[in-house]
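Look for subunit A in each of the two complexes below; its partner is subunit B in the first and subunit C in the second.
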Partner chain A sequence: MNTTPEIMIAFNLDRALKLLSGEKSAPLAGGTDLVPGIHQQAKRFAAIERLVDITRIPELKQVNVKNSGTTIGAGVTFSEILTHPRLGSEYPLLTKAAATIGSVQIRNRATIAGNFVNNAPCADSVPPLLVYDAIVRICSLKKSREIPLQEFLLKPYKTQLQTGELVTEIFLPPPPQNFGGDFYKLGRRRGVAISRITLALLLQTEKKKISGLRIAAGAVTPIGRRFYDIEHQYVGTEISAAGLKFLAVNVGKAILEETGWRWSSPYKLPVTQQIVYQILCKLT
Partner chain B sequence: MPKKSFNIIGKPVIREDGYEKVTGSSPFADDINFPGQLYGVMIRLPLAHAEIKKIDYSAIRGNKLIKAICDTSDIPGSRKIGVVRWDQPVFCSEKIVTPGDVVAMLLGESEQELHTLKTRIKFSARKLPVLTDPSQALASTAPLIHPELKSNLIVHHPLRKGNVEKGFANSDFILEQTYTTSAVEHAYLETETVVARLFPGRRGIHIIGSIQNPFTTRRLVAAVLDWPLTKVQVEQATLGGSFGGKDDLMNILAARAAIGALKTAKPVKIRYHREESILESYKRHPYRMHYKVGYNKDGRIIAMKIDILADGGAYASMSPFVTWRTVVQATGPYDIEHVWTDVRAVYTNNPYTGAMRGFGSPQPIFAQESLMDEIAVRLNISPPEIRRINALRSGSVTATSQKLKEHDVNLIPVLQEALKKSSFIKKWQKNLKDNPVQDWIDLSHTKTGILHPDQFRERKEVYRKGIGLALSLRGCSLGAEGIDAAAAYLSVQPDGSVYLMCGLAENGQGLRTTFSLIVAEVLGIDPDQIYYLDYQTRSIPDSGPTVASRSTLMGGGAVKNAAEQVRERLENQLRKYWRIPKNTQFHFRKNKIRARGSKPLKISFSDLCQLAYSQGINLAALGWYPGPQVHWDEATGQGPAYFTYVYGCQVAEITLNMTTGEVYLDRVTAVHDPGKVINLLGAQGQVYGGVTQGAGYGLWEQINAMEGQIMELNFDQYLIPTSKDIGEIIPVFLEGRDKYGPWGAKSLGEPTLELTAPAIANAIRNASGQRFFNLPLNLEELILRRKLRPEDLTRGSER
Partner chain C sequence: MKYITLTFSLNGNKISLKTHGNRRLLDVLRDDFGLTGTKEGCGIGECGVCTVILDGKAVNACLILAGQLEGSEVVTIEYLARDGKLTELQQAFLENGAVQCGFCTPGMLMSATALLNEVPFPSEIQIKEAIAGNLCRCTGYKQIIDAIQKTAIRLKK
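Moving on to the complex of A and B:
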């Protein structure tokens, strides 16, 4: 068993960044991934010697919904997202995903940034954040920077986050107008379920044609991702049952190409195509 | 004592430990600590089958954090133990036969340091071929798990009735099908914990822990220490769940802790974390069941030939008894003239399997109740109809040639009640009409995973309703497994308050409340006046194990006997005191005793107790309830296997997602004849829990072992149902009469679990037109007709 890391509490952002500037420090928010991971002796947490509790930093707990876009503090919990008066109407796919995460107790602790900073493939909020074109704001003692979420996520359990950096905020551009959308999650059970498939779709139609399309998936690809090629390919096409089936098949093929044939593919691949098709039918 | 109306029996009563349990204030075994206590940490080798050459402790020997290292050389008595066959070493010294095996134990004050230090231990071992497929266990080429036993066969139970070949020849149709079930974990919330400490002057050893069967623990610890039974005092701490699972492993842990305490003269605690618990504890047996059935056009089943293979894993444990219940009940609750059954259990290198709620019944009921619906489909009759045609009735003869008599054989009544309560026929017919069977999308052979345009399902075709039922009879208590008797101790105090204790243990099922109600009924007092004593093996006679849904029946019988002894003495005293005739009868009700008859004589219970004490009357009694004789012919599987039976019928209503294979359990109507219900709330609780556990067995739960190594070592991967996964559960009790048990109270705990999975499977058949043969009926089973599993044991989160 590893020696237990020391835990420091930061009450403001500067202090947190100072404490995090060392090689072997990591931020601790909800801890719903980190703490079990440390108990499991996960390699990705093995080097941590200091945990910096960032749950009491006011700057990280803000939600600001404006016409120019929305910022969600990194330390905002999923319960807070669910009870926010405006997020649900502005970004319904995000709140629908938030409602499926873990259980009430987990949602009371787990934070939005915590869901993606470790880049687990099954992070439920990632597909909605991707279709809303989320941008990640990152700070360190020296500088701050902004990166689109899709670029921030590198590969399973790896992101662009550097030593000394902390995700402070997520910026969501104003939601695209006149888009319908849906979030879908398949777990093995209804509560406290790790996702097997997650999908987020935004669709805009005009005169029986697809005029806007955004698709993202999680748990079926090594990390959550958008399908930009398919989106471009289908914007401007006529809506037909056959066309939507081919769109779904193309999503399946893209997943297969990216993920390869895995033990779970015989189930996940066909079911994902079915769900994509059914959601598209619902939205058209 | 014939009773027409009851004071308290049958009413809903909140269990006596309910408040403590809900508020978390009950002291569990891990809350119990002694000064100077050491922790025991187990040492395992990451192997499934190997000959141990050397364990090298040189890297840690002399480390001051280690107070002692215990292994088999520290054992003064028996080095192997077991509940039936003594094949399981307390510490392995020659061979590893499954990955849970323990070779030694480190003792020290810091559990965490010991966990770090144990990684420095080196070993050399010669790997042996690993046997994981039970169907290969009896092949001449199979590696022998226990070479000294010369065979991997643990047990073979044959049953021969009539002439099965003649029966098949006389049948209009023959149907053959094979069903399988998975190993599953008990999933008790509290993991294994035990503390052992020497009494001063080495007068004995005190063991306290999360122990299901303290007398079994006592017997085995005494054998390991080579001490008399009297010197081993086993006490039960509040149990955080058992479901049959706190037996063999707890006995071994108690023995290890006792060895440690003996070696160091300090208290030793062993407590398992979840991964260790799932790794070393035993599971429910996976079965492979082949059924061949001969039946006639009119629905009558003529002959049944059954071949069942159970994976016993590395140790015999309860396999001989688990498979014995299977052989008795494998034909289900049906009257069949010609039966030929073989049930075998074999050794493999898989995790060992033993007792779990159901005990050899959930497996065959899944097969045989699925089969009944398949026969009904082929004859174009309804599920209830095929069962009515073949059901056992009063005076019917079972597969073991036992005539059912002297109790209400309520099989058809529970079926009728379940049909009525669930509107079964109406729903079943509507579903058949609404659910086209020809549109099932078969993806079981897809190679690419890419759908063909005609394999897509439209949104309106996604959800289907289904309803299904399952029916069972269950032999009560141990039957011909063993000696069946129980004791209870009752001591009435001068103020009318009462001490009570029974030789059967409170494993969370609520027996303390049940037993208190029985005493309250007999003595006409309030259950709050009863102080239930903590369970200690030195304070009560050995009453056998707390298993087989026998507590209410056997323990309740003993409790009632003790209360009646005291009541009789009180009545005699009253007759003298009031100078009334010897045949005067009394009412004991609401803390008052009244003489029946013309004179209005009345006394309070406490005054009567005071009076009796002042007259030197003994108000303490030891109750005893011996089970009647049963017997069994091993060679033919014939005989009166159990002295009485209970009957149950469950109806499951589901919504099936045809796209994903998800099954939503909308409603379960559970109709049971448990005999007389003692505590209505307790009985309902049994149904809620049993149905939920049965649904887990049907839809989600599965222990996968890869080369003997379990993949699901915690609840992130081993999925039990949550409250969101289970719909409404409707318990219904149909109380049959019986001459056994307190006022005819019998069994309920296990019947509630065994019916749910087959009822769900039959509901899926009703929804989809498809039969699924392999539990659990999870997402992949429904869509692909097979299970998928990862290729390695690493969890993503561990990376």
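Moving on to the complex of A and C:
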């Protein structure tokens, strides 16, 4: 039998960082991606010789909601996010996305950082985290640093994380006031499905004008991403059915620019545009 | 690589096991302990036939490595019926025709048991949510949901 990787449990952050400092070590949390990958001897995990279980580290399990912003420990599971007394009212798009992830069994294990740390395009929590301007906090034995999530995500399956570094928590600035918003996910079926399209949208209106707008998509784009250009273009504009339609069409165009024409485009593009439009209509 | 020695609780017994840490809990249960009520279907966390209760929560045994078990408490389907007496839930599955080929049944029972431990009187939506990660090819879910609902009512009395 294949005897690598070896598994070690770290009970505190220091120990985890020490164990992770070697080239061939990787952290293991919920394991919903890693464990089947290791079992099937997937190439992308082949170089790992040591897995460090980080699920017992108290520092990584905390959620702190404060007026100055919220921190969510990297090892907080989606079940814990869903049952948290305040996250749902402060960051409703995040909890809505969390509820669509996997099944109860998966949510009991899968962690928030585990969802984006491999930068799979279909990570459902990414679009909500992006519209809430999430910042990723990272530690290694030598230093700690903070990076906005959008910059942390480099390209499919590639992030800024370096050898020896561990994502320790996610910081969310206080939620924007007087915003409405929604999260949408399309998969091939309702339960336990890998998403094909995810969208997160926050909108603020004032005197029939758009005064704030944040849009992010996942799964339809190579990696989860915000549409800053479109956001800037539309803030300050008058709200009208035609205007909202154009906005939705433009989101579709921006996605197409990034992905190029794919076999699935004739289906996904109009669906995405229609959903953006529907969300906008609902919020105005 | 050396073997590791794990201590954990399995179906109420304290276990000390020498093994490779990178084996799946699913394989440890089936191959080392002969607990074959925990099945393997997809092996990737989608079908739920491998559901066990780990530290009070329903989890997929195909997604957990032996090396992660130290100090935890594992309960499998074999620990539901005691001394030949079925639990209310198992009885209700039989009475409501919730078992056909039976392959999904252990996983369904474990998910539903975890639910009833946490939420004594779940709504139909909560029941559906709790078993959304358990696939059944035969009975069509209705009977399974009925069985869980009736158990909740019976236990409440």
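Please note the rule applied: the second predicted complex is superposed on the first by the 279 of 284 C-alpha atoms of A that agree within 3 Å, B and C clash if a C-alpha of one lies under 4 Å from a C-alpha of the other, contacts with A are read in each partner's own complex, and residues count from 1 in each chain.
Here is the rule we use: a contact is a pair of C-beta atoms (placed from the backbone, for glycine too) under 8 Å apart; a residue touches a chain by one contact, two chains touch by 3 or more.
All figures in this text were calculated on a predicted structure; none of them were measured in a lab.
In the overlay built on the shared chain, the residue A:Ser89 is in contact with neither subunit B nor subunit C. Once the two complexes are laid over each other on the shared chain, residue contacts for A:Ser144 go to neither subunit B nor subunit C. Touch criterion met: A:Arg109 reaches subunit C, while subunit B stays clear of it. By the touch criterion defined above, A:Leu51 reaches subunit C but does not reach subunit B. Look at A:Asn64: by the touch rule set out above, it reaches neither subunit B nor subunit C. Touch criterion met: A:Pro36 reaches subunit B and subunit C at once. In the superposed model, B is the one of subunit B and subunit C that contacts more residues of subunit A.
In the overlay built on the shared chain, the residue A:Val271 is in contact with subunit B alone; subunit C does not reach it. Overlap of the subunit B and subunit C interfaces on subunit A comprises residues 1, 36, 40, 103, 191-192.
Remark: subunit A residues 1, 33, 36-37, 40-44, 103, 120-122, 156-157, 186, 188-194, 196, 242, 245-246, 248-249, 252-253, 256, 261, 263-271, 273-275, 277-278, 281-282 touch subunit B in the complex. Across the interface of their complex, subunit A is touched by residues 112, 115-116, 443, 446, 448-451, 453, 455-459, 462, 659-662, 664, 700, 716, 719, 721-725, 778-780, 783-784, 788-791, 795-799 of subunit B. The touching residues of subunit C, counted against subunit A in their complex, run 1-2, 4, 20-24, 43-46, 48, 51, 57-60, 62-68, 70, 111, 114-115, 129-130, 132-134. Interface residues of subunit A, counted against subunit C in their complex, comprise 1-9, 28, 30-32, 35-36, 38-40, 51, 53, 55, 79, 102-106, 108-109, 191-192.
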